[in-house]
Each structure stands twice: as structure tokens, then as C-alpha cells.
Amino acid sequence: MTVPTIMRQGRWTPWFYLLPALVIMFVFIVYPTFNTVYLSFLDKTSTRPASAACVPDEPCWGIFENYRYALTNPEMVIALRNNALWLLLMVPGTVIVGLLFAVLADKVPYESVAKSIIFMPMAISFIGAGIIWRFVYYIETGGGEQIGLLNAILVALGREPVAFLSNPAINNFALMVVGVWLWAGFCMTILSAALKGLPAEVLEAARVDGASEWQVFWKVMLPMIMPTIVVVTTTMVINILKIFDIVFVMTGGNYGTEVIANRMFKLIVTDTGRSMAIAVLLIVLTIPIMVFNVRRFRREEAAR
Amino acid sequence: MKGLLAKLLVASAVIALLVAACAPATPTQAPPPKTEEAAPPATEAPATEAPATEAPATEAAPAQPDMCMGAQPGDELSVMYQWSGAEEEKINAIFKPLVDACGIKIVAESTRDAAVLDARVQSSPPDLLFWPTTAPLTLYTDKLVPLDTLGANADNYASFWIDLGSVDGKWLAVPVKADIKSIIWYSPVQFEAFGYEVPTTFEELDALVEKMVADGNVPWSMGFESGAATGWTGSDFIQDILLAQQGPEYVMGIISGDIPYNDAGVVAAYETYVKWAADPKYTVGGADGTLNTPFLEAIYKVFSDPPEAMMVKQSGFAGGEIVKEYPDLEYGTDFDFFAFPGAKGMQGGADFLMAFSDKPAAKAMVAYLTGEEGATTWAQVGFDLSPNKLAEGKYTDPQLAKKAEALANAAGFTPDLGDTIPAPFGEAEWKAIIEVVQGGDIATALEAAAAAQAEALGK
Amino acid sequence: MKPLTRLNRLLSRLPTHLAVVVMCIMWLIPTLGLFITSFRPREDVRTSGWWTVFLPREQVGQVEYETYCASCHGADGKALPQADLTNPDLIARYPRSNRLLAMLRKEINGRPHLVDPPLPENPRQAQEFLSPVLTYLQTISGGHVAGHRFTLRNYADALVGYKGTQDYLTDCQQGVSSTLAKFNCDASDLLNPEGMGRAFLNTVIVTVPSTILPILFAALAAYAFAWLDFKGRQWLFAILVGLQIVPLQMTLVPIARMYVRLGIADTFLGIWLFHTGFGLPYAIYLMRNFIGSLPREIFESAYLDGANHWTAFRRLALPLAAPAIASLGIFQFLWVWNDFLVAKIFLSTHPVLTVQVTNLIDPRGSNWHILTGAAFLSFIVPMIVFFAFQRYFVRGLLAGSVKG
């Protein structure tokens, strides 16, 4: 995109347009980010270096003491494990469900209604979604009737009710289901648009050549929408790294469901230094995506 | 591109560090996104307004009564406390007899924020302070006025209360209000149907529990679920077991950090607790029930029809909740409570009175509250319990009277562990309890909690 | 032949239809459950699943009554005048089956009670029979009236933030003073700080400026990025792309401390500024792509006609960017409306809907009836906005699917 040379301008004109936005972004994003990095090297009082919290005879990473906590504290290890689990299972899960539905909905006449339904959770807050699903997972452990849908079904089938949210063997998966429910619509929308953008002739040609629908999907569609899948995946990775509200409202991070962002939130008052180190950890994890996005953007610009 | 980004990052890093370094270091903390402590009893919104209780100006009062200790009508007495709403009304009702008699004017400030208190103490301390912990004792030792010089009567208090309020032999704080949590709720008519007796010792309790199980009844109803504070009911229960098995000094040792949280006594308490809390024969729904039941639901289960369990260990507020949920139930017949059997000290919360001034009005208030009139008024108003011995037998509310009896018989008093220990230790404690109920190894779980205790308390 | 092919086609498509419909149902049911529950009376919510609203109600305890009591007391309970079981005062003496049991164990007029068939000796088993009987007696004596299956009272409770004994409207009618301390029982209660009504207002106050401000600043900056030439244009924009995904967790504490210093902690101004700051990178990115793709000829001819940049911005870029502004507006609106973390930290004394809902998740439990109503109240506006402007929302998503 080049500016028409004919539109001459004063030297300071661009800055008149840019300044408000740049100042706000500097004050609210850039400066705090670096300040957070700085705070992560201080202890909980934000007045002494982080090494002040070291206890003799205990391991200590000096000025990086808060990072020792962020990387080795048992709770943090659980949080890191869970975030990894979310990334490994939920990102593909959401993309696959979204893609599946995009492909299937494409073939039915009531496509727009069906897509609206899948997409609807995007309109409500994560907090609201958390409540909806707390109710679905609710377990009555005494003599009363099950009022949570899933446990009512289990009991009706003659099984024991399950504590979906407190049983460490399954609660992380129960939370991920909520995540898929929330985000599948997002993936579906973008992938569906990509599918519709595919040139009809190419698909037709493949079908004429005798390819089955299955083959058309794997051999033609999938490769062609791969760039979009990558975009959706990176976005989901960012979303999942920051996953917070769902865990906060459904389990509060108890029972081994802790995640990085919730840990950061819990410590924000009681131990700012550690909390900030966790925040830094979070941004470090997003930097690869950031670099990737910037590169992709540069490539797209160059191709323009 | 890469080089550019890197340069930029470095440049802005330098700027940010400079900005950060130049920024004045403010002692003010970031506005706390408070993880709401599910404080079981009244959770009033923190109020910071300062309602001044206007005293009717006593016109031409010729001679002031002795109780005024020389305070003149119109004298101002500044007080600071955490109470608001209905609680504030009660404390005003308690102040009223003295205010009416002496014509002093009370200027009250209500805050729950320790930072606000600190700011006031550094600039212009209130004459009197009512605070729910004894933390100000150590923080402001030199600024506080010894209570015996103000006319406070130490004889009216059990010796453990005096110890709690003393620093280096100086008596600086006296409890004015106490609430006990070492309480078990049950249904007398249900006990009668099965011929159960209220236990009086821990051994009797243990035997009763076993008898109930043998009869096919579920003894306990437990519920942890309490949002971010999940686990506190377990913490209360274990503290009561500790008070029964080890005693109050032991619990104070845990709070101060002198006794590590994985000490043999704690392990023993956990063993008792887990037996009760994780088995469906002993508690409604077993471990899943204990973990997933909201703590109020746990109370209801003992009084539903037919009851799902025989007993629930919960603080005094449970009585109010039972009436709320089941308005047709009668106290004394359908529901009642007994003090945790064999507990050598009571667990609870207490508000302490401290003085920063020895002006006549302050003396008058201290003497009033620690004397007979104050104690009587306190009991009649029914603002929880007064630890003042002279309040005994003056309560009009039968539930309070019974609690007062339990407190009077107690050999000690320990604050609720969860309200007292530093947050990281508290969190680790809850975590350990949850883990153990879920079938985790007690030694491993307690080791982590003990590590958090050591770190938080610096021992 | 034709109908057959059609049938054939339908059959071959059947799995697809089935899959789509099943997925749609799975996606709808959780929300539907919440919605239905929010209209059910508390006692119903506590004791039965929301799906039972589609089933007929059963009369509890009739069978047990007929087994144990009907032989003496008669089918209608009135056979013994000295013990008329339809007398509410009599039944009110037995709020629980254990009290009933205690009475029944005693002899009445020298005769043992309940001998044919005898009640189980074990008190627990006896209670299991007596409890439904008592419920039945309460029903026929009129002390326990089965109410309507649907109610709007949950919404009243949620709106005013009521946590009393029964429900807000009933307590107000009966003047139950113990739980009404913070209430006036008139329209002013809608603004009670613990209620969803007040939270709704707070959310509107937060959301509107937080939506308009970033779009305004973004439009200006986007115009510069698209149609003005300046040094570093390319790399400044590249940084912007990177800024889009800075996790907002990175900025919470420094900004909170800055607000305390500036004296705007816990104010609406503070949260407007925060949302503006965080909305900007994406907003600029989207607007610049849109404004930049407008045909250059329009701007050139305008310039030839003597227009300057300011005119071109106001008269050309802004109106032509209306679709992008709409997309962005919806996007930012939903984002801010549904935000929890920022509001929780920067506006704790003026809770917005999401924060208020979490305050209502009474750690004490047993308030699903209010919680579901409150949650639904928080959904209404975003749902309407979403369905009314779905097109723009989707377009906004597609234009740049990255958001901090």
C-alpha cells in the first residue's frame, strides 16, 4: 500500500492522527509490560530485590527467585502441566470440531441457523458459560435427586454419579469440554468462510476425476485451507495460554485444575513479585506466536 | 525484521526501566482484587463512612456519676472498629448507657482496612480501637496504653484472655466480643429416636460416631464447597480435633510457626479427620460429598426429612441458617448444638479493645466495658458473647447463653486458624486438606503445607 | 423414478443431517437448562432436574398414607374427629417425621399406634415411610401448597440481589424486617449495590465509552497508517500487530498502581482508559486494513478538488469505513460487556454483571434459582446484539482473527 504522491502533507500531520492512539498504547501496554518485567525481579513488597525472599539452606535463584517459584513450585508445575494439556488437547479439539461442523453444515439447507447455534456461546461471557456448565456438571452426593444433567443421565443409566469438577482424573477434561463448547463456533466461522472461498471449479474438477467426497476433503480442501487453519490454531493457542475465567468460576483452580493465569491472579495481591514473574512467563510463551504473526503480516504486506 | 524488533525491545526496555526507577515508590498497594474470604457470619460490605453517634446534650448535668471517671458532657471519644450495619447498631446500643450517663460524644470510624488503621495510628490515633486480631499489639506496642492504668478490671477475665492481650507483661488488649466456632449441631428429637446421648468427651464422641455407623446411620454431614475459600470447613474441623487431642497451646504453636504443620500431633488429627470425612459410612456422600457439597447444604442435610446425617460441625451462624431454611423448626427440639466434646479450648473469633489515649472518656469506656454494667448490657444486647465473666447468666437469647456457658468452661481460646495464618500458609493448608480427603498421602500433603508454613512465618 | 432418487439422496444425506442436528442440540441444551431453571421456584430447583418440567407432577406420599393411616383415619383423613388430619394446626405440630415418630411410638388412649401393618422397628426405616406421609398430610391440610411450576421471582431476587429467607417479593409483602435491612421494597431496590440491576447499569456505563473511545482513536490512527506517509510507518504497524496479543495480565499491576497514584483507582474513567488501550491495537489493525483498501482514486480526486486530509478523513474515510466501524463496535462491545478480569481488578466497588454473577455464586450454595436468573440477565444484551448484528460480528472476526 503506497500513499498517492499527490496527497502532500505537512511534516507533523501524521503525528496529529497517530499521537492519541500511540500515547494511550504506550501508557497502557508498552510501559506496563516493561514495568511488570521490572517488578518480577522484586519481592512481594516491590521494594527489595527478589533475592530478599530467599531462605538460607533452601534453593535460591538470586534475583531470579520469583522465576524459581514460577517454574518449580508444585502448584505452578501443575498449572504449567495443565496449560500444556489444554494446548495439546483443546486446540486440536476445537479446531477439529469447528472444521467438522463447517464441512457438515455446508451440506444442509438450514446452515445459517445451525451455525448460529454453534456460534452463540461466543456471545456470552466465560463467566456465564462457567455457570451454565457448573449446573450441567452438578453432583448431588446425598440422598437427593440429581439436578445436574450429566449425573441425572448417569443415574438413569444405572451408574454412580461422577464428581466431574473435583475428581482429578477427569476434571481437566470436563473444563476443556466447556472450552470447546465456547470456542468451536469461532473456529467454525473462520474455517467455514475459508471453505466457501475455495474455487468451485477445483472441487468440481476433483469430483469429475472420480475422487470421493472423503478424498476431496483430504486431498483438496484441507491443503487449500491450511493457511486458515494455521491462523485459527495460533489464535486458539493464545486464548488457551491465557485461559482464566472458566477455571476461576468452575473450580477456582482447586483439585489440580490450576492454570497459569489463575495462579497469577491469586498471587497478585499477596505476592506481587511472583505474580509478575508468572505474567512474564505468560508473555514469553506468547512471543513465538507474536513473532509468527508479525512475520505473516510482513509476508502478506509484501504480497499486496 | 528480527533485528528491528530486538532493537526496539531493548530501547523500550531501557525507557521502561528508567520510568520505573524514577517513579516514586508508593507504599500503597494495588487495589486488591480481594478473593472474598467466605467469612461465614455476616459479610457486610466494608463501610468507611464515619457515622457520629450524637449523644443528647445533657443540659446542666450538675454532678457526673462515678462511672464517667471525670469525663465531662460534650467530651469526644474517637473509636475505630470494623463493624457496620446491624453490628454497628448493636455496638451503639452497648455504648448507649455510658453515653447517656456521661454525655460524652462518640466519634466512630468503621473500616476493615488495616492500611487505613495504620495511617490513622501514624497521624492521629483513635482514642480506642476495637480490632478482630491482636496484630496491633505487636505493631503499636509503644503507643498503646496499659489497660490497668485505665481502670480495667482484670479479675473479670480468664487468665488466658489476659495472656492473649499482653505483651512483655503489659496488659494492652482486652477481648470485648467473642464468638465460638467449636460447635456441633444436631437434632435432639432425632437423637432421642435412636437413644443417642450428647457426648461430653472426645472419646465419647468417637464412640458415638462408631455407634451411629453400626446402626446404619451416617454420623456427619460435611461440605467444603465455598468458591475460592473451599476447604475452610475442613480447617475448622481439624482445628477442633487438635484442640481436643492436643490443646490450645499446641494450636497457638502452629499459628506462630513453632510447631511444624507436619508434626505428629497434626498427623494424628488428620488421620481422625480423614476417617470421618472421606468414607460414605461416616459422612454423606463420602469424599465426593465432602468436597462438592456447599457448606450450607451440609447444614441442611442434618435437618431435612428424613435427615441424611446426624451431626454437622459448624460455627454459631448455622443456627440462623437452619431457621432461615426451615422456619418451622424449633430451637431446642428440632435443632440444637453442643460444644465440641473434649476440646480443651474454644476456637473462635474475638474482637479486642485497645487504647491509644488515657483521657477521662477513654477511661470511662474501658472501665464500663470491663466492668459489670458493660458486661450486662453486652449480654442483653446479644452482640455475640462477652468474655467478661460478669456477663454470664445475663444473656436473654438461649443460644447465646449456651455458647457463653461453653466459653466459660473453656481452658483456652484460639483464633480460627484460617483467619490468622498468612494467606500462602492458609492456602497450602486447604490444599492439604482437600488432597487428604481425596485419598492423598497425609505425610506428603502435610509436608507441602509445612513448607509453606515455614516460608510464610520465617521459621 | 424421481421421488425415488430424492429419497435416495435424502437417505444418503441422513448421517449428515443427523450429525448436524445432534451437535446443535448438544450445543443448545446446557443454555436451555439454565434458561428453564431460571424460571422455576427454588424448592423445585433444589429437588428436581429442569427437564422434569416436561413431566407430570406426582403426588408424594399417597401410597404410604393409604398403607399405614387410611384404615383408621379414612381415605380423606377426616374419619377421626379428635385427630382430623386435614387440620393444619394439628399437622403443623410435626414439622419433621422424627417428631411424628416420637408421637406415634407412644400409646394413644392406652392403645398402641400403627400396628397394622406395623411400622418398621428401626427408626431410620420408619422415617423413610413417615416422611412422605407427612408431606402428604401437609398437602391435604393445606399447609404445603404446591405452587406454580414457573415463576419470575428468581429474576426479582437477582435484580435486587436478595439473599433473604423466602424471596424478595414475598418478604416485602410480609415485611420480614430481619432480611430487609438493605431494601426499601420499592423501585429504588433495583439500584441496590448487590443486585444485578445496579450491575447492569454499571456495565452499560463501562461498555459504551469503552466501545466508542478506541474506535475514535483507532480511526484517526488507521487513516494515518493508510493514507499518510511518515518515517517508520511499516515497522510501527508491525509492532502494532505484535501488541495485539500482549496478554493483559502483563499490565494489571503497573496500571493499578498508576491509577492509585493518579487517584482514579476504582473509577469508571480508569476502566474506560484501560479498555481503550487494550482495544486499540486490534482496532487500528482492522480499520487500517479496511480504510487502506478503499479505492485510492476517491482520495486523489477529493484532493484535486481541494480537500485536505482532515476533510478527507471526515467526509470520505469515516463514512466509507462504516461497515468496519460496525464490526469493530460489536466486537469491542461484546468483549467489554463480557469481560471479567479487568472489571474485577479495576472496578471492584462498582461490580459489573460478570463480577456480580460471581458474587452471587454464593459459596454457601443452594441458590441455583437466583444464579441462573442472574446469569441469564447478563446474557440478554450480548445475545440481542449478537443475533441482530451477527453479520458484522462475523466480518470482524474474519478481518483479523487475533485479539489480546
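Some notes on this structure:
Should a chain be cited, it is by its letter among A, B and C, assigned in written order, with residues numbered from 1 in that chain.
Here is the rule we use: a residue touches a chain if its C-beta (ideal position, glycine included) is under 8 Å from a C-beta of that chain, and two chains touch if they have at least 3 such contacts.
Because the structure is a prediction, the values reported are computed rather than measured.
Counting C-beta pairs in contact, the pair that comes out ahead of the other among B-C and A-C is A-C. Placing every chain at the mean of its C-alpha atoms, the farthest one from chain B is found to be A. Rounded to whole angstrom, the centroid-to-centroid distance between chain A and chain B, based on C-alpha atoms, equals 41 Å. We define each chain's centre as the mean of its Cα atoms; on that basis chain B and chain C are separated by 34 Å.
Centroid to centroid, with C-alpha atoms defining each point, chain A and chain C lie 22 Å apart.
Residues of chain B in contact with at least two other chains: 1, 5, 29-30, 33-34, 227-228, 230, 293. Contact with two or more other chains is made by residues 238, 242, 252-253, 345, 361 of chain C.
In chain A, the residues that touch at least two other chains are 30-31, 33, 35, 39, 265, 268, 272, 291, 294, 298.
Listed in rising order, the residues of chain C touching chain A in the complex are 13, 16-17, 19-21, 23-24, 27-31, 33-34, 37, 45-51, 217-218, 220-221, 223-230, 233-234, 238, 240-247, 249-255, 258, 273-274, 276-278, 280-281, 284, 292, 296, 299-300, 303-304, 309, 312-313, 334, 337-341, 345, 353-354, 357-358, 361, 368, 371-372, 375, 378-379, 382-383, 385-387, 390, 394, 397-398, 401-403. Taken together, the chain A residues at the contact with chain C in this complex read 1, 3-4, 6-7, 9, 13-15, 17-18, 20-22, 24-25, 27-33, 35-36, 39, 101, 104-105, 107-108, 114, 116-128, 131-136, 138, 144-149, 152, 181, 186, 189-190, 193, 231-232, 234-235, 238, 241-242, 244-245, 248-249, 261, 264-265, 268, 272, 275-276, 279-280, 282-283, 286, 289-291, 293-294, 297-298, 301. Those residues of chain B that touch chain C in the complex are listed here as 1, 4-5, 8, 24, 26, 28-31, 33-34, 36, 38, 45, 85-86, 187, 189-190, 192-194, 215-217, 223, 225-230, 293-297, 300, 303, 305-307, 321, 324, 326-330, 333-334.
On chain C, the positions that touch chain B within their shared complex are 92, 95-99, 101-102, 122-124, 127-128, 130-131, 134-135, 164-165, 181-182, 193-194, 235, 238-239, 242, 252-253, 256-257, 259-261, 265-266, 344-346, 348, 359, 361-366. Residues 30-31, 33-35, 37-39, 46-47, 55, 74-75, 139, 141-143, 161, 163, 165-168, 252, 254-255, 265-266, 268-272, 291, 294-295, 298 of chain A touch chain B in their complex.
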